[in-house]
Amino acid sequence: MTQTASLPIRFALLGAGRMGVEHGLALVSLPEVQVVAVADPIEAAARKVARITRASKTYSDPLDAIHDPEVQAVIIVTPTSTHAALIEAAALAGKAIFCEKPVAADLAETERVMRIVEEQGVPFQIGFQRRYDASFVEAKERITAGEVGEIEQFAATGRDPAPPPLEYLKVSGGIFLDQAIHDLDIARFLVGEVKEVLAVGDAKVDPAIAQIGDADTTTVLLTFENGAQGVVQNSRRAVYGYDVRTEVFGSGGKLVMDATPKTPLLRYGGGQGREGVTSDHYHFFMDRFKDAYRAEIAAFVGALTEGRAPTPGTHDALESLRLALACTRSLKEGRSVRVQ
Amino acid sequence: MTQTASLPIRFALLGAGRMGVEHGLALVSLPEVQVVAVADPIEAAARKVARITRASKTYSDPLDAIHDPEVQAVIIVTPTSTHAALIEAAALAGKAIFCEKPVAADLAETERVMRIVEEQGVPFQIGFQRRYDASFVEAKERITAGEVGEIEQFAATGRDPAPPPLEYLKVSGGIFLDQAIHDLDIARFLVGEVKEVLAVGDAKVDPAIAQIGDADTTTVLLTFENGAQGVVQNSRRAVYGYDVRTEVFGSGGKLVMDATPKTPLLRYGGGQGREGVTSDHYHFFMDRFKDAYRAEIAAFVGALTEGRAPTPGTHDALESLRLALACTRSLKEGRSVRVQ
Amino acid sequence: MTQTASLPIRFALLGAGRMGVEHGLALVSLPEVQVVAVADPIEAAARKVARITRASKTYSDPLDAIHDPEVQAVIIVTPTSTHAALIEAAALAGKAIFCEKPVAADLAETERVMRIVEEQGVPFQIGFQRRYDASFVEAKERITAGEVGEIEQFAATGRDPAPPPLEYLKVSGGIFLDQAIHDLDIARFLVGEVKEVLAVGDAKVDPAIAQIGDADTTTVLLTFENGAQGVVQNSRRAVYGYDVRTEVFGSGGKLVMDATPKTPLLRYGGGQGREGVTSDHYHFFMDRFKDAYRAEIAAFVGALTEGRAPTPGTHDALESLRLALACTRSLKEGRSVRVQ
Amino acid sequence: MTQTASLPIRFALLGAGRMGVEHGLALVSLPEVQVVAVADPIEAAARKVARITRASKTYSDPLDAIHDPEVQAVIIVTPTSTHAALIEAAALAGKAIFCEKPVAADLAETERVMRIVEEQGVPFQIGFQRRYDASFVEAKERITAGEVGEIEQFAATGRDPAPPPLEYLKVSGGIFLDQAIHDLDIARFLVGEVKEVLAVGDAKVDPAIAQIGDADTTTVLLTFENGAQGVVQNSRRAVYGYDVRTEVFGSGGKLVMDATPKTPLLRYGGGQGREGVTSDHYHFFMDRFKDAYRAEIAAFVGALTEGRAPTPGTHDALESLRLALACTRSLKEGRSVRVQ
């Protein structure tokens, strides 16, 4: 692509699962975008998302979409294990790339592929969507403006309503790479790089998760380069829904990013005639971060149209993975680990 | 249109202003829809929305779009004064119709046009978007399920951040038709028909508003057919933003629909180092009801694809107008008015 | 009493019911106070409160306590029907007087007794405790400081958990004198005098309440002297507890006084494992206004020790009654009533 | 004292500083109590609290009050360094004892004194007032009732508005004994005993605090005996006020104990006419836990009158100290420490 893309930018959407639909809807809402192709081995899924995105072509092999000369940019939402190869192919083909996290579960492979992306000079964005959630965007602005003063403490909680299937967990890279990485990336985004981690954890939700060498309930103590102290708690099961709370505390005050009720409706004594006030809660990440998913795609397209480097890019893809891997090692080895 | 539309349904979007963009984005996110034409006297605006909706044709005259044989359904977001004539033309042309409120500022004209729509048997939906806001949808469900018991009291507040331009106000039909009608329609939606109203009001925000015979700050006492007591307060100016709060109270409890902070971020002592907790507030109606605008268009399309009558339809367009006009008369005459 | 009382001030507590205990606890927490006598026809009750207040004497007849030469000030929490006579006796005996509202259910009698109090020049305070609740105190300060600008709209809700016994209601003076008067007094306190009222209401909770000529569910439209518009809604039954919400809106912003959960504890999915967040709610007025009851007694004692006139005094006792009586007449006569 | 005390129970209040006033007000509100003496080396302070409590005697030496034959029970709110000696003297004199935390900064000394208390069989309660805060009381009940299921994660934050004077800090025993011990005690109260801790911390608020070998900003990772994971974060300085938040998460849900605004008043756009909603925040611990301080004294008196052992007693005094000391050691030695 040239510095500033001529419009519309022609996209291929690689992967037509749940996130393919989400990103397809994001793309089709942007007048600067034309989706020309959707790729998925399941033809019906590819066709469905093609209808949503008004794409005229479908492919069963994502590589064919990457090599379609009409295609200028790709959105990769295929299974995790295919990310690295598709990024590599797209970069070598000179296409702009948005890829869901992670690039790979392996640091060396991630480093190798990110290096290719950088060598090819193609625009690249990794899917840490929380960085585009309005609350984190505003928190970052306020921190940068000095409103929190020197950051002294950080605390994040991330809990899913229920664990994914065991088959998925087996190839997920473990709880830190698969789930906690979002909280760890936000820690880096808001506070800065982490020097050292100490992780504890075990399988409280399902013993089968222990048997595959993973944990479902973890707590990490973080020491940031700038001296701030941090904690991150994760769980694979919260009966009340999807729970993400983040707090940044410093010499100038505190910021708390925590979901309000999903629906702005308070029930007083509803139904049972009991005293008490009840509201609902977010159910799932796509629910809580719906607008953030739209905003990250809009930001990627905005960067392409304006010739800016998209963010978060190769550096953050690598460093947040490095941090998650340090947590994994700390938990395995039962000791503090330098992130370096 | 036949009972169940063959897909995609081919739409024309009449009006390419701010709401035209909004509804265009709603349409393009629906795979069941193909926008074939956008009409607006301002060509650049029409082209911009055509790009957004992937429409291939633009018209300067909305009647040409209505009569385009490809077009099966129309979204009318033109200036209020043109609504009645366009609805009439579209109905006579057999097109499905979604129209922003109001049909007309005049009861007789509204009755005449709604009768034509009914005679022609075309699907019709009026743009009372709050009925598709998640909090009101859930409130309606809970009320219907009996959770609130017998409804005894209703209270609604509706405040805009600032009055619209005087030129707009002169042709707006007055505060009850232009602004309060949304609160009055929700009163009917949640509680039932209103028997009698008593309105007070004057111009506290801008004396020029009094000079054109309108008010900017009003309070209405409602007596519902079912005996419930209601109050509705409106203002054209709230320095803190857009303020919509609705409460339904009954023998079984209370429901409160009030916006949570727009951004789920709490600041403790931010900036000034002061004690205290601050959050933001919604700024404007498009902000607060963004999802409701999407949902009402999706519901209209859903009704078309499934062969159901869309809602709210001709009856609600007429009855909510009748209620707003009773308020206007009550304020003018300084006495209680039967809605009949 | 002289201008500035010599310490401790010697009190008699007239009435040893529930509110007698409350006010007794307030008195005993003040080092400037010595409770010398408690009067109640039920001897066990008098003795119990004497123990609480460390009082050495008990009387069965409150007049004996009033005429006890040791007694300098009296707290009247006897049944409503006795207030006027006891105030009169205490005033004539030169004692400082704190009396629970109302002085009497009758305007002429209230005027007569208040005149005696003024003629005798004894300190007098009426028990509108909300004026000493921290939220209303702060609201008043902010309004006085101009933070709300010109007040344009007022809205108050007052709901009890359940109606009192019918025997009580028969002698209560009706819902406006007995219950709504607190909301009406706060309207006067925060906004100013009321020019005209229109009240609607009926018995939705218990038909027996209609049979005694009273209502249990009412809505009042208020027009203030300064042009502000107001609404007050009351109910004798709220299944979720005690519900007091007050809103003042003006050209500079809005203040909302509404109870937070009684207990600062949020339950997420508790018990049933369901999604959702639950908190508790205040149960009753003594619960919600516990600190205000303490504060009003402390303020009365503070006024005595510093030689200031206590507030709210005879004027507010009279004017808030006048307003409540105007509401009663409006409901009876089905028309607007000038408060004069 | 015999099993069930004859009433009133005669108390001496040892220490007439700020907490002496608080506990004096608590005592005087209880009809079962007679305060007979107040002891403080500052005579004016002793007399002031004697007036508040209606005590007839004052002592300059607390030992004289302990040995006053009229005195049956003592409240010890003298400087920390005197606690152990006074507890010992009171126990040997057979008096019931309520003592502010801590018994001593030293484990051996605490063990020795607690042994004496147990040997003498006198009632003893330690001042962990949070256990009597309504939110923690209810949390404990709900946890015991199984509403949270198996507890899996715990998180507590405790922040003071500003550090105490350096002179105080020098003899305070350090941040874990002086401040964090309240959060650590609540961890034990709600979750159970702690097996191992890892603490990090340094002086971010004031370098002088580092020079006296203490920290002002700390984070502790806790491993509970039952396998739950915990974190506790403390700071000596929060510009927005006094900040205590506690979260218990388990297989059945989550409980969050966090202060609502101190005053139930929301300001919308107040003063500056800006968009946004503001509430206030608790300033200090006596503010936030005012009712808990009253309730712990009432509970102590209730235990005495009913012949029950007060709680928390010698065991909790010792075990919460042991936990705080383990944190201190962990921070000093830079490694995990078993609490044992």
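In this document, chain identifiers A, B, C and D correspond to the written order of the chains, with residue numbering beginning at 1 in each.
The rule is simple: a contact is a pair of C-beta atoms (placed from the backbone, for glycine too) under 8 Å apart; a residue touches a chain by one contact, two chains touch by 3 or more.
The model shown is predicted, which means the values in this text are computed figures rather than measured ones.
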item: Interface with more contacting C-beta pairs, comparing A-D to B-D; value: A-D
item: Centroid comparison with chain C (C-alpha atoms), farthest chain; value: A
item: Centre distance in Å when chain B and chain D are each reduced to the mean of their C-alpha atoms; value: 56
item: Cα-centroid distance, chain A relative to chain D, in whole angstrom; value: 43
item: Per-residue multi-chain contacts in chain A, two or more chains; value: 238-240, 243, 252-254, 261, 268-269, 273
item: Chain A-touching residues of chain D, taken from the complex the two chains share; value: 150, 152-153, 155, 157, 159, 198, 200-202, 204-205, 217-219, 221, 223, 227, 229-231, 233, 235, 237-240, 243, 247, 249, 251-254
item: List of chain D residues in touch with chain B within their complex; value: 238-241, 243, 261, 268-269, 273-281, 283
item: Chain D contact footprint on chain C (complex, rising order); value: 25, 28-29, 31, 48, 51-52, 54, 134-135, 138-139, 142, 145, 147-148, 252-271, 273
